[in-house]
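Structure provided below as structure tokens; questions to follow.
In order of appearance the chains are A, B, C and D, and numbering begins at 1 in each one.
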């Protein structure tokens, strides 16, 4: 069964534009980050000790459509794969019902003291599994 | 009689934070800009020719309180003074009912061809007057 | 024979930091973009008509090491593959001799009027070939 | 006698542009911030305890000229006034020898524990005085 999708709302800003007149491509990374942080803080951090934190190891973005200011977007975030110490997130930015971009990102849970990967276990793992939607590919 | 206030909603992003752990002070300028652009596009541009545009000449920000991610803010924008070719905007960023910062900014209407100041006249002036709230000071 | 590498210098800013105390991951996308734009404007645009422009279709970043403010970085940019209407760039951000991140990005040349892909031909293709370093993988 | 000026170099980025085709006005605040932080970290922090830090209370920017990508800028920073617990900085952004913007900003030294203003004393005050250039106005 497919897990839940976590939604995050954002408002585009004039500062998001660039000299090409549209929302700059790096802003998509900013929106995807806000979606991931929102999911992690809302769903996983409550079950993780203060001695751990996630770092991003890889990000891949497919750009599908331009975004323009002014406008509002929604970012859908879910978990595509759950490793022992890492999570692969799937995400989409939607604007007026259309997908503007898709992203895959791999984040690793680190121990704050050793700064080395540490297992995602117990209640945090259960919480992550509730957001697990294996990719079709 | 005091004119109308123009409200703009924004959502704070993780990217808005800095190494001090709070929302970076330059993000306040970004939010004030979105408020001004929103007011200008919504209220003045419809009455101005495509041959004119506003540029900012001066910005002064008073920082009153820190902002923290996650959170949502509202920006109030109005007109404090209306010159022949320029507008002085007053603005406030509010978060959870408290004023996080106040700003005054002076924007000048330029002729796109000559890039020189050009008068704010006719329906644009009437629209600006509806947002005029002279400052008490 | 391996083609040339195009180098771009950048200076890190306090604004590049985030609440984790290091340079935010989305800033890597900003630096990679400046490297690509610098290569495109310096090497390809002079041979392309004003009726064409590049858009990014895909970006994949591998994060290798943290960056910290203050500091300076250099971005190496080259071409990994040259399609009929698209270019795949390879890039690395270096700080103090170490690779902080690697990126692959695919950019497509569009016709400004039709906004459809258009061939990279003639002198522009020759200029691109001078930067071609096929990836080992 | 006029004190010393502290110089900071920066490189403009494509991301600094906005839909008006020039460097966005909020980027000036980013560059001024990097100049202030550079001065504070380089000249004042070595003489201040780890239990204190500066916060910005007010920023006023006068925009004199547009900046365009690509380009490099230098930011001059000095101290215009030295209060008991606060510093008023004067700054200029220069591009190709011309002043693009001037800024005045007031920063207050806070005690990290109480988050209340604390005096700038001893070696820190002496270091600040070496950068003191009272404004003519």
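As a convention for this text, a residue touches a chain if its C-beta (ideal position, glycine included) is under 8 Å from a C-beta of that chain, and two chains touch if they have at least 3 such contacts.
Everything numeric here is computed off the predicted structure, so don't read it as measured data.
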Chain pair with the higher count of C-beta pairs in contact (C-D, B-C): C-D
Option in C-D, A-D or B-D whose residue-number contact pairs overlap A-B by over half: C-D
Chain centre separation in whole Å, for chain C relative to chain B (CA means): 35
Centre distance in Å when chain A and chain C are each reduced to the mean of their C-alpha atoms: 23
Inter-centroid spacing, chain D versus chain C (mean Cα positions, whole Å): 32
Residues within chain D bordering two or more other chains: 14-15, 24, 26, 30, 33
Contact footprint of chain B on chain A as seen in their complex: 9-11, 13-15, 30-31, 33-34, 37-38, 41, 70
Footprint of chain A on chain C - complex, ascending: 20, 24-26, 29-30, 33, 53, 55-63
Of chain B, residues touching chain C in the complex: 14-15, 17-19, 21-22, 24, 26, 69
